[in-house]
Every structure is written in C-alpha cells, then in structure tokens.
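Note sheet for the following structure.
Note that the chains are named A, B, C, D and E in the order they appear, and that numbering of residues resets to 1 at the start of each chain.
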C-alpha cells in the first residue's frame, strides 16, 4: 500500500516536471508567435463560436455559445463514441475470441479470418467502407418504417415514432450514419484485437482449471462463464486497457466521415481562429487527461481484482 | 456383488504412443484401490479415462452401471457420480473456498445455494478447513488447499472418488494432514481409486494395490502381499527404489 | 582449521517479519552440512543470505574470508566462489545445456569459450548428461535438468556449494539420480551446505545436520546422533512426521 | 534611392536553395492536386510555377508543400514555405492578426448551393430543416452565417475529405451541398449526363477572393509575388500567350516594358530582365492558367474574367 | 482378485481411427447438434457473401475501359471498376515522386521488400545481416534522393506512396526498438530514482496523447523554434516522432515480458556471479522479448498502419496518395475500388508480419515447456 503511494508520488512528480517543460514550450512558442505578429492567448475561448455543433448532447449555436462550450460538446461526442465503442467491442471481441476456441472448425476458421482481415487493414479504410455501406440505405422518403417504430435511412436510424416531415425526420431517438460508421468501424476493428487478447488470456489458463471443471461435471458454458473468463480477465486487463485507450485515440478519425468529435471541432476552431498552438494545447491536454483517468480507473479495477491473485 | 467400475481390454493411444495396453480391472462397490508404478507408466492416463477427461480408442469401460464407449457416452452422469482430486489441487483461484465447493452443486446439480452451502460447510468441517471457508485458495497452505479440493469433490456426493497423487505436491508435514483426511474418508465406505506412492497409506486403507508399468497392469494384490512379497520382477525393482529414495 | 563460512549473530527481517534470528554457524573447509526443518523455518532464507541473493539487517557473515556486511560487500567475489543449486533448477531455457554452463565462466571469469566448453563437458560428463549438451533444458527430464544445474554451478569451480532442496521438485525415481550425483560430489571434498529432507542422503554424506525452526537454529549434531536421538523436542516431533509420511 | 534588390532575404534564401517552396492544399481538384503522374496541377500550382519561372527562369523549380487548412498560416509564418497559394481567402484579420500579407488574388470564388433537381428546391429559403453537407473548416462558419441571415434552420454534416462529402451527397445523405462554386461546377462536370440532375442555386454567398500570401516584413518578396501575377494578367490583356511570347511584336511600350525589352522592371525586384518572358513562356498568361485548370469543368469564368470583359481581373500598370 | 501379468504387451499401432475425410469432416463440423447448426448458418452466410463479392469484384468488374475513362464504368450492371486503379496505380504507389524517376522508387522499394524477406530467415541472422541492412538503407537513400551517379536530386518532401510508408515503418521501428528496451529496463527497476520517474511519465504521457496531435504540433511548432536555415525535413521530423512513440508503446510490451520472467532467472544469474550487463543482455532480454513476441509484432503492425497519419503534415504516404487519387474528378464514385486496393497492400504487409510472428512463436514454443491449450 505504502509502496503504491510512493509510486504515485513519483509519478506525480514526473508529471509536474513534464508539465512544467510543456508549459515552458508553449510559453516560448507563443512568445515566438507574438514576435512574428501573430495574435495569441486563450482569450478566444470565451468568444462566440462561429460554427454550430448540431449532433451532440450539448447543442452549440453559432454566434451565441462560446468556443469553450463547443469544446465541451466535442468532448462529450468523443466520450460517447469511446464508451459505446468500448462496450460493444468488448462483447464482439469476447465472442470472437471464444469462437477461436470453438469445437466447430468452421467457426474457428471464420473467427481467424475475421481477426486477420480486421487487424491488418488501417481503421480509416474500415470506416470508409462502413460509411459507404450505410449510405446505401434508402433515403428518408423511400424508407419503410418497421412496425412504425424503426426507420433505417441513410440520414440515420430513427427509433420510436419516426415521422417524416419535409426535409426532417422527427423521432424519439436517432443516430447519424456518421456516428454509426465510426462506431461499427471502431467496434469491429478493436474487437479483433480484443479477441486475440481473450484468446491469449484463456490460453494462459492452466489446463488443470479446465480439467477440474470437467471433472466436477460443469457444462462448457458454466465453465467458460464462471471459471475461465473471470480468471482470463485478470490476465487480459492490462492489454485491454491499452485497447480501450486505443479506441479513445482512434475516435479522432471521426473527422474523416464528418462526426463532430473533439478533434474535428478543434480542427474547425483552429482554422477559424488561427490559434494553432493554443488549440493544440487544449487537444493534447484533453486526450492526456482522459487517457490517464481511464488507465488509472483500470488499474484500480486491477488492484480490486487482485485480492485472489496472490501469485 | 455389484461392481462400481469395470474395465475390459481397454487400449489408449496418444497419437501413435500406446499409453494403456489391454487394461482389465474391476472395482467393487466400497472397494479401495491404490495404483502405483513408475513415472510414465500410465497411472494418470488410466484414472483420467475413468471419468472421461481422456478418451480411449478401444475396449469397454463401465462406471456406476453406465457404459463409456470409445466414442463417448453419458459423460455428464458419470462425472456427477465420480469425484476427482488432482495433484495440483486445481482449485478455482478467483473463488473463495465456499464458492469453490458450491459451484458444481448449484449449477450442475441444480441445488439451491443455501442447501449447497450447508452441505459444503459440513464437508469442509469434516476435512477440518471450515474456518477458512471465506478465504481464497491462495491464502491457504498446500495441505489445506488439497483438503478443500477433496471437500469440493465430495460436495457432488460421488459414489467413486479418484485421487491422482494428491500428496506429491505437498511439503512433508502437509502430506500427513491430507493422508489423515483420506484415511478418515476411506473408513466411511466410499469406493476410491487412488494413485499414490505413499506406502503407509496403501498399507493402512487399500483393499488391493494395482501395479502398472509401460501402460500395462503387471500385478494386483492386497497391500500386505504386494509390499511384502511382490511377485513381478518389475514390481520388486520398483519397490527397491522407492524404499531407497 | 580454516572456516569457509562464518555466520555470527545474523538477523534478517522481511518487512516486519523476523525471518532469521541470531543465527550462529561456522562451516569448515570441505565440511558437508545438511539443513532441515519445517516449512517456513528460514532454511532458504539462510542459504540465500550466504551468497548475497538476500540481504540481512544485522550480524556478520564471512564467506571464503570475505566479509558480507548488512550493507553488502564484495558480492561478485563471493558469488564466484559459491555455487548454488535451486529447487526449481532455474536453468536458462533459451540456451542449450552447454551454453548454460559456459555463460558464467566466459563472461564473469573471462575464460575463453573453448576452455570453458572443455571444462563444462568434463563436468557434464561427471554428472552423466554429457550426451545432452546440445539440447535445450525443456528437452530434458527433471532429474537431468537438476544435474545440469549442478554442473553449471560447478563450472565456476566454487569452493562452497549451496543446495536448496534440490530434489523436492523431482519424481521419486529422478530423486535418486540427483542424490547419487550429489553423493559422488560430496566425496570429492568440496564444502557444501544443503537444505534437504532426504534422510538417506543426510545420513550418508553429512558431517553435521542443522535443524531450524521459526528462524532459529535449534540443534546441530552429526547425522547419526540427530536422527537417532534428537534432543530438541521440536526436532523429535518433526522427525516423527517425516518418518510417518 | 531604392534599396538594393538583393535586400529581400526570402529571395536570397530561395536563390541559395535553388528551389521555391510553395504551400498548396494539394488535395483540391482545379487548384492543386497531383495528377496520375504525381505532378501538381491546378491554378494554385501554376501560380507557384509562375513565381519559380520569374526567379529562376525555370518553372519546375518548385517544391510543393501540402498543407492542411489549419497549417497554412503557421507554415507561412514559420518559414516552412516561402509563399502560400493554398485556397486562402483574403480576409482582414488574417492580415491584421495572423501575420500574413496577401499579394494577389488568383481566383474569385463564392459559396454555392447544389441540390438535386428532384427535390424541386429552387431557392435557399425553401431549405428549412434541410441537411447540408460541407467540408470541415472554412465552410462551417460561412454556412452558419448565411442560414442565420436568412433565418433558416439547417443540420450541418461536415467532412474532412471532399470525396466522402460528394459520396454522401450523391447518396442523398443530405439535401444540399454547400461548397465553393468552382468545385461544384467541376463536380457536376464529372457526373457527365447525371450532372444535369443537380442544380446550382442562383444564390451565392460570400466573397472568397483566394489569394497568394507571404509573410509580413519582406516587402521585396511581396512585390515579386504580386507582380508575377500582375504580369500574367497584363499579358492576357495584351494578348501575349505562351505560344506567341517569343515572337510577339514589341511595338507597344507596355509590351516592351513587360517583356524586358525596355526598362529594368525585373532588376527593381532583383530578377532578371526577361523574368516576365519566362513566366509567360513557361506557364502562360492568366487566361491560359485559368483555362488549363477550369476549362474542362465547363464553369463560366464569371468574376475571373478580365475587367475589360466585365470581370474583376485587372492589371496594374507596369511601368 | 489377485492378478499377475504374464507376457509383456508390446506397443501396437493405434487402430485406424475413424479415418477418411467424411469422418474427419464430421468431427470438425458436425460433432454435436449445436456444432452442426453453427456450421450450416455460418456456411450459408459465407457462401452468400463470397458469391456476391465474386459477382461484384470479378464477374461484373471492369478491368479496362479501353481508353474511355471511368465514365464507361457507370454503365448499368457493371461491378467494380478496377480500371480506375490501373490509371492511378503509379500515383498510389509513388505519390508525387517525379514520374520519370519512379523506377528509382520502385527499385528502392524492392530492395526493402527483399531485405524483409531475407531478415525473416533465421539462417541469415548475424552481423552480416546488419551489414546488409546498412548497405540496403544506403542504397535506398541513394536511389530515392539521388544527386549522385547522375541521378537527379529528389528532396524527401517529394517522396511518396509505398516507399515512404515502408521507410517510415522500418526506420521508426528500428530506432524505436532500442529506445524501448532502455525505457522498459529503466521502468522495470525495483527502486528507481528520477530516471524511473521520468521513464514512467514519458511512457504514460506518450501513450495517452494521440499521435495525430503530436505530429501536428511537431509540424506547427517545430519550425517556430528553429532558425529557418535549420529546415529539418518533414520526413525526418515524422521519423523522430514515430521512433519516440513506438518506443513508448513497445516499452510497455517489453516490460510485460520482463515481469513475466520468473524471479528464479534473476537469482540464478546472480548466484553465478554474472554482471548486470551480462544478466540483462544474455539472460533476461532474450527471454523477455521472446515471451512477448506476438505483442511486439502487434505494435509493429499498429505503427505500420499508423504511418498513414502523416497526412496531417502533408507527407504523401500510401494512404494519402490514395486519397489524392480519389480527389481526382475522374475517379468520382470509384473510391471504393481504390481503397480496397490500398487495403490489400496494407493487408499483404501486415499479414506477412503477423503470420511470421506466429511462425516464430511456434519455433520458440518448441524449445519451451508449453502448456497445451485446452
């Protein structure tokens, strides 16, 4: 315990040093910029934003809300895709990972093919592909509302009482194809990596654990759910953390298909204000802080889980 | 007399390695068998065939009246009637002792959790680890872990217990704990097949000793006879080594 | 008579756990000591202090005339004069047997590779694994691996050999191989300190037996005396268990 | 007395380096985009080529630096590029706050609205609630301003890549494409027959004078960029073309001065006497540049016509 | 009751186990009812997908338009338009490298590919391979830059396409690797001072910010610091950023390998009196690296793919070149074909890497007591 605290202290110190260095760098750069006649400073954050953010939990209106609020809206969007991605990629990944250990040879083969196809091609291409596919959905006017509740169009998937009204569709809930393409792309791509992690973790389990479960007459499903996966999770946690952080950072590809994540909004702001250094400083800070929080949370979970792992 | 286990002309190969060769063995209800033999002689393979953890290629095997064929059989029923204790304990490290003991009864037997816990506590008390019921395996000594493993197998109320060198991963002092427990169990009249080199145990509880070598059963005899006047030359050599080491 | 190892009033703590308590022990040149005692009594800790793998907090320790202080000392020289064989062998799995044996002589002793290989082959032949020199450890049986570990330690031509339960990870039959090798070594007049529960070995080669419990040396006596008429009550109880198991 | 021509530090540096570094977007058809052979094509690329021709007498001595919209001004500031022809709109704050100075407008653009004919939209005020596809960056605030002005609600969908945006528009992901009219025109052109199924609404928005920019503080360098452009416009006015520049009758004094037969216009900027001849013979006059970039797209030259023909392109006297 | 064996039973060959492909297929695909259902469902889906892909990609595809341009592909019923890829092939592969000089880039690329293949063969491992690599990289540089032997000079800002992707990945990874080892060792120390703290901070920070943002910052801020004549090439800047990032990611992977090593290995080395250097280089690292080999290759693959983000600073790698190809109005509507083609290139390289690591893994496992999978 005390050891962990000392470790944390050391990390904190290191971050303080690095933070100082970074601050110095930014300071020097902005001095440099000023000397070249470029306006700088963080004052722009409170000026009204010149672009709206429509598809976000936090609506930002052009000319009314501040740049700071636009940043927050982007941050929410980034977190939204990240958490959705983590959730679904984990499920798909576990299923595929276990599929590679299936007794059915075809399932094993397909899962292997899936993993290879996904992880050997850049994510951006996957996202383009899914966006292209989603755009094949019918236009809003031609779409058929299934059970009157689900309307799948290339404008988005609308749930709960979708009503087509001129150019617009009103519904209880909807997701845009941009979000979906990013979401499906990230999910399926990351799931391939998670599948490999799961496979390795399950493989690292001692054979005796399988045998003991078998000898006790447990079914394969019970064995997986109660004996194998909980133990595999422990081995898999550190690499899983990396994958989760990967999802967060990969969400910056959103800009390619027009989903307004933090990076996309920052880019727009940067073009608008021309304050590249400041905007990028905010970007780095956001990604660094969230990543560190996520990995701290995962470490905490690891420690909580470690009570039985006195190896 | 009803036999709880009947093995007839059983052969097993690992790839092209002939691991068990024409095994013939019958174990009566309540009978206690000790299997011994040099390393690699196929003791573990035999015992693992009995509850279907390993498959075999030819011959017949009947456990508790259920026939296991080379192509398999009603493994589930067999396994519910046969308990097994491993050399490496193989406890589930992420579950407490009590959870280890209740998992199979609740999921495979459909017992209620409460009932399963009551049964488990009783059995844990019998192997004298009841006070550790809420600890994790890693917090117990080896001897205690092995006793938990025994209790875990007993929780399924098996009619036949299989032990695969249950004491060889233990420190000398812990060996005693576990053997005492097994002796106590043996006197309750449960059938058991036990692979072990502990001659003291064999002498004390075994009805018969089975000696194996190169996948073959070479000699079957009551312990007094086997340890006193082994008849097969290989058995004589083996016992010589064992006493020396 | 010169002492190769002198331990005076040595104390060691793990955190706040007092693992070795005022140990006093002197080992003469060419003397053979067997250390025994129940699990957790501090045998490994003691032996690991001797070649500085563990540090200690107070007392004095002199190996081959070199003083190890609590703050350390000339560990390199000590380790070159002291060989150690572990329970888990600890061979380097990514190197062949021969490479395992020549690594230390060539890098730490500055021997030429050729010379080191000649020495190693000779020693491997002595422990009867010369024909496996180009295999990897994983391709050997446990007994063979342990013998390689012994040869590896011998390659540094140590004046004192330390053994930490070298046979307890082995199958009964393999135990014999390794013990035979050790007995042969013992008769060559090298000083050794050996943690083991093998009474046959202790009887045959030990000059003195050291009995430890709870971090303390309780009894030191020649084997005949110790096994015949142990004087300390804890030793009596311990030997009772050992004979029983 | 004029300061010595060599007092342009940028020019000295460029000459020493032997190559002009020119910032372009590099991904926008008609302005700057590598063709199948990897050669940068488009009006911005040609503007860069013209400067190189003016300096070195060799239009190929250009190193194109592809810049994202966000990097354009910084790259200019930091000295990474000597001049930027990177779809930069000449705005006041860019000059007053960002340290850039605009030398020459090589293209007057504006924002336009493309809709499918089938949607029967004829004017932007019919677009209430419409979804609008646009590129991330410059288009976003312009669209916000415009729709705010005409009090119309809209939903923006922004893309980093024009290719993805066009794909989305064609798939009817959005009802309108809000884009540069120049780009819309060439997009329609590439659709061939299907191009007729889309209409460019009559309304346009914004003034988008796309201009070449240099760092502030090196006036001689600024002159070179500006008058290179000026020479090309003037050449078009005078009827001098790539083909006839070597044989053009030098009777007109304006022609004489431009082609260096008379006077020392080049020397005043630290260039050779025949700088303008090099520009025109290697790249052509402004009209030729325009034709090469946009001719195929079938878009009208509109404001980019010479002033004499009712456009905005007007050359200052060179004397 | 009692029994005494007579003759020793000699080992017999196993019975011809349910042999024949039919029986094997049954065991593989129809062992149980559930398995059979899975086989049928997955099989049907696979066949359906494969059939449609074949129709689109081969049967109805257009491989050449006979000089009519991509418009010819707009005809109804036409599947993939591979003709577009053919038109843009050299742009995709070589970017804006001068057209007449692209044979140089081609040879340079081939040299790298050959070197990868050679390096993959254990029998070539040794100092000679290092020498070969030095020569190969020098040749790459000479061919790509030129300026000697009568080859015109091509600044690295004009390099493009696959060669850029390959050289970035190669150099970034090979420079990042040693750095990663140092970082991992420093961080793995039991008690560390400022060094460890800095290593921790560096690794965590580098892993927590997107490479995209860092590259951008580097490209924007770097020049502001340096005097203009110091103009470091973009390629060099990206290479440095890549090496630094790869190092941070690899360091964590390698540290995992270090942690997985049993303590006994350190103790045995200490007991033999091995120096720290020998212990680390001869005993610890070879084992640690071998245990995490698959993860190391994963990082390599990851960075190979990540080279595509150099687009943010305007370098023309493979992906950027492909995007530029699709920006051409002539390619309007056929970007899928171009992207598929690029995906195939990435796949070829990455799959080669992952297959090779699996192969190495099997080789290593043979010399290690492996636990068989369940």
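FYI, a contact is a pair of C-beta atoms (placed from the backbone, for glycine too) under 8 Å apart; a residue touches a chain by one contact, two chains touch by 3 or more.
Predicted model, so just to flag it, every value in this text is computed and none were measured.
Chemist: Going by the contact rule set out at the top, which chains touch both chain C and chain D?
Modeler: Touching chain C and chain D alike, sorted by label: E.
Chemist: Which chain's mean C-alpha position is the greatest distance from chain B's?
Modeler: Farthest from chain B by mean C-alpha position: D.
Chemist: If you count the C-beta pairs in contact for each pair of chains, which pair comes out on top?
Modeler: Ranked by C-beta contact count, first place goes to A-E.
Chemist: Central chain, going by Cα centroids?
Modeler: E
Chemist: Please name the chain that ends up farthest from chain A once chain centres are defined by their CA atoms averaged.
Modeler: That would be chain C.
Chemist: From the mean C-alpha coordinate of chain D to that of chain E, what's the distance rounded to whole Å?
Modeler: Chain centroid spacing, chain D to chain E, equals 40 Å.
Chemist: Taking each chain's centre as the mean position of its Cα atoms, how many Å separate chain A from chain C?
Modeler: So the centroids are 55 Å from each other.
Chemist: Taking each chain's centre as its mean C-alpha position, how far apart are chain B and chain D in Å?
Modeler: 86
Chemist: Counting only residues that touch at least 2 other chains, which ones in chain B make the list?
Modeler: Residues: none.
Chemist: Among the residues of chain A, pick out those that touch two or more other chains and give their numbers.
Modeler: In chain A, residues 33, 128, 132, 206, 276 touch at least two other chains, as defined above.
Chemist: Among the residues of chain D, pick out those that touch two or more other chains and give their numbers.
Modeler: 70-71, 74, 77, 161, 167, in rising order.
Chemist: Can you give me every chain pair that touches, using the contact definition above?
Modeler: All touching pairs, sorted by chain label, are A-B, A-D, A-E, B-C, B-E, C-E, D-E.
Chemist: In their shared complex, at which residues does chain C touch chain E?
Modeler: Residue list for chain C touching chain E: 48, 51-53, 76, 79-80, 82-84, 86, 88, 90-94, 103-104, 107-108, 136, 138-139, 152-153, 156.
Chemist: In the complex formed with chain A, which residues of chain D make contact?
Modeler: 69-71, 73-74, 77, 93-94, 97-99, 127-131, 133, 136-138, 140-141, 144-145, 148, 155-161, 164-165, 167-168, 171-173, 175, 215-217
Chemist: Please output the residues of chain E touching chain C within their complex, sorted ascending.
Modeler: Checking each residue of chain E against chain C gives 262, 264-265, 267-268, 270-275, 278, 282-283, 286-287, 290, 367-369.
Chemist: Spell out the residues on chain B that touch chain C in their complex, using ranges where they run on.
Modeler: Residues 38-39, 171-176, 179, 197-198, 200, 241-242, 244-245.
Chemist: In their shared complex, at which residues does chain A touch chain E?
Modeler: 10-11, 13-15, 17-18, 25, 28-29, 32-33, 101-107, 110, 116-117, 119-125, 128-129, 132, 193, 196, 200, 202-207, 210, 238-239, 242, 245, 249, 252, 263, 276-277, 280, 283-284, 287-288, 290-292, 295
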